[in-house]
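Everything on this sheet refers to the single structure shown next.
Chain IDs A, B, C and D follow the sequence of writing; residue 1 opens each chain.
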Amino acid sequence: MQIKIFTTGGTIDKIYFDKLSEFQVGEPQVGEVLREANVSFEFQVEAILHKDSLDLSQADRQFILEKVLADPHRHILITHGTDTMIETALLLRGLPEKVIVLTGSMSPARFRNTDAVFNIGCAVAAVQLLGEGVYIAINGRVFKPDRLRKNRETLQFEEY
Amino acid sequence: MQIKIFTTGGTIDKIYFDKLSEFQVGEPQVGEVLREANVSFEFQVEAILHKDSLDLSQADRQFILEKVLADPHRHILITHGTDTMIETALLLRGLPEKVIVLTGSMSPARFRNTDAVFNIGCAVAAVQLLGEGVYIAINGRVFKPDRLRKNRETLQFEEY
Amino acid sequence: MQIKIFTTGGTIDKIYFDKLSEFQVGEPQVGEVLREANVSFEFQVEAILHKDSLDLSQADRQFILEKVLADPHRHILITHGTDTMIETALLLRGLPEKVIVLTGSMSPARFRNTDAVFNIGCAVAAVQLLGEGVYIAINGRVFKPDRLRKNRETLQFEEY
Amino acid sequence: MQIKIFTTGGTIDKIYFDKLSEFQVGEPQVGEVLREANVSFEFQVEAILHKDSLDLSQADRQFILEKVLADPHRHILITHGTDTMIETALLLRGLPEKVIVLTGSMSPARFRNTDAVFNIGCAVAAVQLLGEGVYIAINGRVFKPDRLRKNRETLQFEEY
């Protein structure tokens, strides 16, 4: 079993905003997190976008969908900005033979204090345990994207 | 749903060995890891042992079993030294209405570079997704304790 | 002896650029660094600016000078963006009875991997050991600001 | 100018105590700290002892003295356990053409929260700014070893 990981940007991979360049999202950190955790499964990381999720267009989300559809892996993990993670997840519903888990973080993985590593841990367990479908792993929970929203004060996702 | 967390010691909670005291295992770190991850579920941490798992006696493991049996929670997470985690897990098989996940780490949670946070993340997702039974979350995988062993060279658990 | 610390912004205090706000420079980290280091001297932190140093105007630098002139402490530490730290330092030359050390960092203090803590350590020792004048502590060195420049490739300051 | 660094052990380089081995003090961390800080001076690290400083014998301290005497560098930094750092420093007084700074830390350099990096920063600045003699850089201060003691409650060094 090999897990395919698509990275799309988001806070999880952010570096500080450097005035001398427009670049905000750096190299994906998920591979390094998995190596440091000494994981014993195989995985493949593919960076398909480097955007803050507030900047994702419908075309970008369609692009994510196409990458997932074209990929042969059953187990798919997507790191994504948390602001519009639900929108992307809703678009990935109903794909046969795919177990798709989206995760991200409120603090960059590069930070000393961060939720990134914990969230990736949750997502990795979730993508191996769940059946077909798309899910969001965040705040230590695993959610279906339907009737889900991000509470910007508590920085927690909640069902409604 | 509230997750009950029993901590028993192990490397995950180790502090450096201080010559002026025999104390090796410090205050449990799991609560702090969950708070830093901004988890949205309720949890309760109870430190029942503070031992390196090579020091656990059969009486200690029996004590862990009794604490689990006496606890009303369905979802139980146990942090434990990785060296004899399998032995304790085998003793916790067949308990009705309990979803028990054991985890630990090869590097202390207090370390800058550690697998502790990732492993706790995996275990937290696992204990919410799995059915009754006892499992071990480690190296990014979720195992049944039967026919499982720890490979001391790779520091990875493997089925045989 | 009490050290007065003026914080002016810079990468050392940067948080990731959040799309929902313009804010880039967060709360100064130097106080927390000193507390974590268990320093035994007294210090006072005053945040007077929160700018990337490429955004500092001549009026801003004049403002820094005025704050230093008006302050009664002999030992002054200033955290500052590294890009124009030399310009500010040059303006602070020749102030009687003041030992002024500027420092900053290439990576934010909030990062897991950073030069911020080390640089603050250097600056703290320097401000206590040097005589009157203004200095820059960076890359493990202590420089006079004259004939000094920042090499943007190596991210090191060098005399010329 | 090249700084010579002798490492002798101590908490600064401690790893957790592993039951399957007696080894407590791991590979010296100072080189990595300096590289992460992007220092622009040359340095040479030589590990001459790997002991908790409570375990240092008079012969060990004599050995440290001999290594320093035999070394051609003027600028010498020694990382050392804080418990008996003063004893070793007292033995290193009066060496001509040597600027010797001892430092260590109360928490290992490998820890997420540590004073090690800050202390090394102080020591590095001190060894470049001071004149001949031996000093201790700790708690953000630079001390002569005479009439100095470690307060075990506050974990701070104080003159008496």
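Observations, loosely collected:
We adopt the following convention: a residue touches a chain if its C-beta (ideal position, glycine included) is under 8 Å from a C-beta of that chain, and two chains touch if they have at least 3 such contacts.
Worth saying up front: this structure is predicted, and the values here are computed from it rather than measured.
Where touching is counted per the definition, subunit A and subunit B have no chain in common. Chain centres were defined as the mean of their Cα atoms; on that basis the chain farthest from subunit A turns out to be D.
Subunit A and subunit C have CA centres that are 37 Å apart.
Between subunit A and subunit D, the centres computed from C-alpha atoms are 44 Å apart.
If each chain is reduced to the centroid of its CA atoms, subunit C and subunit D end up 26 Å from each other. For subunit A, residues touching at least two other chains, in rising order: 112-114. Here the touching chains pair up as A-B, A-C, B-D, C-D. By the touch criterion stated above, subunit B contacts subunit A in their complex at residues 33-34, 36-41, 106, 112-115, 117-126, 128-130, 137, 139-142, 154-158.
Those residues of subunit C that touch subunit A in the complex are listed here as 11, 14-17, 19-20, 24, 52, 54-55, 83, 108, 110-114.
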